[in-house]
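I've put the structures underneath this note.
In the two assemblies presented below, subunit A is common to both, partnered first by subunit B and then by subunit C.
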Partner chain A sequence: MLVKLISGDRPRSLILGLVLLAILVALAFAPFLFPGTRSVDTAARVCIFILLVASYDLMLGYGGIVSFAHTMFFGMGAYGVALASIHMGRGFDALLVGSVVGALAAAALALVIGLFSLRVRAIFFAMITLAVASAVAVLVSQLSGITGGEDGLSYKIPRALTSAAKYADEKVLGVRINGKLMNYYLVFFGSLILFLLLLRLVNSPFGRVLQAIRENDFRAEAIGYRVIYYRVTATCLSAVVAALAGSLFAIWLRYVGPDTTLSFEIMIDILLMVVIGGMGTMYGAVIGATLFVVAQNYLQNLLGAAEEALVDLPVLPLLLNPDRWLLWLGVLFVLSVYFFPTGIVGRLRRRG
Partner chain B sequence: MANTVLETRDLTVRFGGHVAVNNVTCSFNAGELTAIVGPNGAGKTTYFNLISGQIPASGGTVHLNGRDITRDAVSVRTHLGIGRAFQLTNLFPNLSVLENVRLVIQAKLNKGFNLFSMADSHTDISLAAEAALKRVNLQDLAAQLVSELSHGNQRKLEVALLIALEPTVYMFDEPTAGMSVDEAPVVLDLIEELKDDKTRTVLLVEHKMDVIRTLADRIIVLHNGALAADGVPAEVMASDVVQEAYMGKALEDV
Partner chain C sequence: MTTAPDHSPTMAQASLWGRLEPWIPVLLIPALIVFGFLAIPATSSWLTLTVSGLAMGMMIFIMASGLTLVFGLMDVINFGHGAFVSVGAFVGISILLGLGSLTGAPSLMLNLLAVLLAVIGAMLATGVMGWAFERIIVKPVYGAHLKQILVTMGGLIIVEQLILVVWGPDEIFLTRPETLKGAITFAGAAIEKYRLLAVGVGLVLFLAMRWVLRSTKIGLIVRAGVQNGEMVEALGYRLRLVFIGVFVAGSALAGLGGVMWGLYQEVITAHMGANMMVLVFIVVIIGGLGSVEGCFIGALLVGLLQNYIAFLEPKLALISNIGLMVAILMWRPQGMMPVVKAK
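Entry: the complex of A and B
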């Protein structure tokens, strides 16, 4: 049963299994284990980024397709929810319509880009995605009448998902049972279900074909797989899941803007997460996203504390200035790629 | 001939000014094993590439069972019955030996777009793959990654993929090249079995004359991309033109 749920994709390393279990438990009970707005917000972001990075891994790690448009698809889901909530008024119907339309639009755009460019060469696809994603980002900031431009959009979500909705008078384990909690579990279970679906996809006959294409597209075609169709399908599926992750993000934040969904920085972050975690493993997305998002949210605090502690020493406090957190993340990245070229998951599996 | 399976008509390809395959018109029949010989660079592999579709023809046509397949994609031709083993080993290196064969059978059964079942739950595919591995004596290495295999075993797997495909036309491009003397017989026996079946169409590019002598029903000679001779082995091998111009010392050796 459990094995079937993870599609027979065992962690194949005791340590990896335990780490994954720990992350699952931590996320499942985050509001109770780490109460506080900031930490629950971090947990929700971890869930969403696990899903987003996993959907990217489907394309990159399994299909061998390099894309720079993943945040664009992410953004389409987010803006779908935002626009629907604004124009239809707050409500679950708006969330649903926004998510579905966003996902369909992402699939359609992925289909067009894929059919147009995957036929040629993988590198051509990468360049086209870069061009289209940049164009869309510019368009979104220009069309401020519709998209809110650089300021983004704020909107209302159903009351049942906000802290205004109370579901119990008593606190449970010191936590209020309110709409915000429901919202978190919507994000958690939404991400979990979609992640398990991705896990099934990569372990299906289709997933095997993708791996074959990644390994040797020439031979994959020769044994009878129409490579272009598989690549385009993988791209569309990946885009749909990315868009749904964006919808969850929009529901959680009640705000969308270029910086939170479309920016090129997030695209780079996704790449880092998938590489650090381990490409072509799905579980790498879990590890990579968890490490990265937590670091992003807490590294600055950590650095701040360290800076204060070392304030009397020369140079060091300068290096440990919280504003330098990206530098340290870069160092971390270089080290991890150097020591674990197959990512953390690849490394753990080799030993285990 | 009535039982023509594969036919090329005026098949030609040019690379810039160089004509690699030049107006080759030739048909291949069911139950016949045709050896294709010729010096290095004669165009044998390129002729194969035109038939299986990796390279588009500059002119001429390819017909399979009467159907013009010249414009069909590689994968389409595979489904129509063209099967190919490559001269340079061409596998999926970071997948297991078994998975390599499974992929072929999965393609043949058209299950590639099965998105939501678990691949390993298709036991019919796994069983067929294991059977194919057994035929080249690789069953004990099924779980290994292909990249960990010796060169000889990779060559065997290359052949196993073609065997697993069970196409109408089998194209072998120097299948035993780089194999040790004790490894080659497994592959040669397999090709002989295909020949003894009397229903398969087999094309075999081969340099070793003793192999050709025992296996071939017919030999065609390519030289500078053109068809230079075509006939039963004794005849073609004896012909002066082949002896002198194309086989050179190779024939004297055997």
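Entry: the complex of A and C
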């Protein structure tokens, strides 16, 4: 049953299995294990980013396609929910319509970009997605009449999902059973179900063909698979899941803006999570996203502390300024591509 | 025994279309200029826009030419190319700001000398940096596109952040040298002097590059390497050395482009290179990977179109280049003048 649920894709390493189980338990009971607004918020972000990174891994790790437009698809889902909630009023129907429309729009755009670039050579895709994503990001911040521009949009979600709604008078394990909790579990189960679907997908015949194309597209074509068809399908599916992750993010935050959903920095974060966790395994996304989001929340504090400790030395404080944390992420990124191309999961599996 | 069938060779001239077809990409530029002339009501604004479009195109060409050659020669795609643009701009502008006495003087010669010094400094810095970048970042990942994209992107982030460390997080504003300020009036149109200079530099550079590639031995090796690298190596040439040379030259050109773009915008930021990369990629793609001529034509098309559309319908300017790319890829999926065969 359990093996069927994870589509027969066993962790193949005892440590990896235990870590994954620990992450699952921690996320499933996060509001009870780590009470407090900030930690629950971190847990919700971890869920959403696991999903987002897993969908990116479908393209990068399984399909061998580099895209720089993944935040654009993420943002389409988020803006879909935001615009629907504003124009249709608060309600579950708005959330549903927004998510579906956002996902469909993302799929359509991915289809167009994919057909244009992937049929020639995969490397075009990286450049074209970069160009399209930056144009969309600028467009979103310029069309402030529709998207709220740089300020973004705030909107109301159904009352049943906010902390105003109470479901029980007593606290359970010291936690109020209110709409915020329901919202967290919406995010958690939404991410879990979609993640399991992705796992199913990559372990299906479709996923196998995709991996074959990644290894040698010429040979895959010679065996008789239409490479372009598989690549474009993978791109579209990945875009749809990314958009749905964006919808969950929008429901959780009750705010969308270019910085939180579309910025290039998030794209870099996603790349880093995939590479550190391990390309080409869905579990890599889980490990990478968890590690990264948690570290991100505390790394800047750490850098700040290091800067203060070294304030007397000449250059080091400048390098350790908390604003410069991207520098260290970049170094980490390059080093991990060189030395750990299979990421944490690859390492653990080889040992196990 | 039957007699051989009749066959008399026909010596028909190729049809007009057949003869014209190779020249279509070149003809697109005058066609676009004519389109601008028809679409823009006032002739004077059309002239201004055309000159600024050409200037912008030339600068994009300077930045993009190195990238396309590097790709053609070694199949290396460098997403960190934008880093050289930024570093070039920061080094060059710092030199210019240091040479206040030369740039403030009302003499054209002294001003040009200051700009020349800045350009040489910037090109030296980015050339050396390109060499280091090739050694440290690119060399270990030859032949693996996926890793190249990831690693060079990482390199871009690191260099951008280092610029912020060295020059501080604020954007730097500057003014052009004294005699390059202002505009001259020609046929009722105000044409900024600096733009004329940019057009001149770009044109000279293009012709020089064409001459090197077409008429010198090293150019022959580079072109042959783009077409079939293994064959060139089999003939005994060390293509790696040629490649490093091209990489360094391309980086230096990106630095030059950075200085010129900084002077054009009169403000420089650490992210300017990464922002320019969007246009540079579009140009490289529509020109055809590995083709300097295609890159030149693509750059001029992008520059002109962007300026015309920005005048006619400002909101569309952003999408116009993407639209241009889509249109050209529908017409020629490999770009206008592809040199490298699809691998």
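By our rule, the second predicted complex is superposed on the first by the 313 of 352 C-alpha atoms of A that agree within 3 Å, B and C clash if a C-alpha of one lies under 4 Å from a C-alpha of the other, contacts with A are read in each partner's own complex, and residues count from 1 in each chain.
Heads up, the rule we're going with is that a residue touches a chain if its C-beta (ideal position, glycine included) is under 8 Å from a C-beta of that chain, and two chains touch if they have at least 3 such contacts.
None of the values given here were measured: they were computed from a predicted structure.
In the superposition on chain A, A:L181 makes contact with neither subunit B nor subunit C. When the two complexes are overlaid on their common chain A, residue A:L262 makes contact with neither subunit B nor subunit C.
In the overlay built on the shared chain, the residue A:L51 is in contact with neither subunit B nor subunit C.
Using the contact criterion defined above for the overlaid structures, shared-chain residue A:L253 touches neither subunit B nor subunit C, since it reaches no partner. Looking at the shared chain after the overlay, A:F206 reaches subunit B, while subunit C stays out of its contact range. Using the contact criterion defined above for the overlaid structures, shared-chain residue A:V241 touches neither subunit B nor subunit C, since it reaches no partner.
In the superposition on chain A, A:E215 makes contact with subunit B only, while subunit C stays out of contact range. Touch counts on subunit A: comparing subunit C and subunit B, the chain ahead is C. Looking at subunit A, you'll find no residue that touches subunit B in one structure and subunit C in the other.
Across the interface of their complex, subunit B is touched by residues 4, 7-8, 200-201, 203-209, 211-212, 215-216, 218-227, 230, 233 of subunit A.
Here subunit C touches subunit A in the complex through residues 77, 79, 137, 140-141, 145-147, 149-151, 153-155, 157-158, 160-162, 164-165, 169, 274-275, 277-278, 281-282, 284-285, 315, 318-319, 321-322, 325-326, 329-330, 333-334, 342-343, going by the rule given at the top. Subunit B meets subunit A in the complex at residues 52, 54, 73-76, 78-79, 84, 86, 90-95, 99, 102-104, 106-108, 111-120, 122, 161, 165.
Within the complex formed with subunit C, the residues of subunit A that make contact are 60, 64, 66, 116-117, 119-124, 126-128, 130-132, 134-135, 138-139, 142-143, 264, 268, 271, 275, 318-319, 321, 323-324, 326-327, 329-331, 333-334, 337-338, 341.
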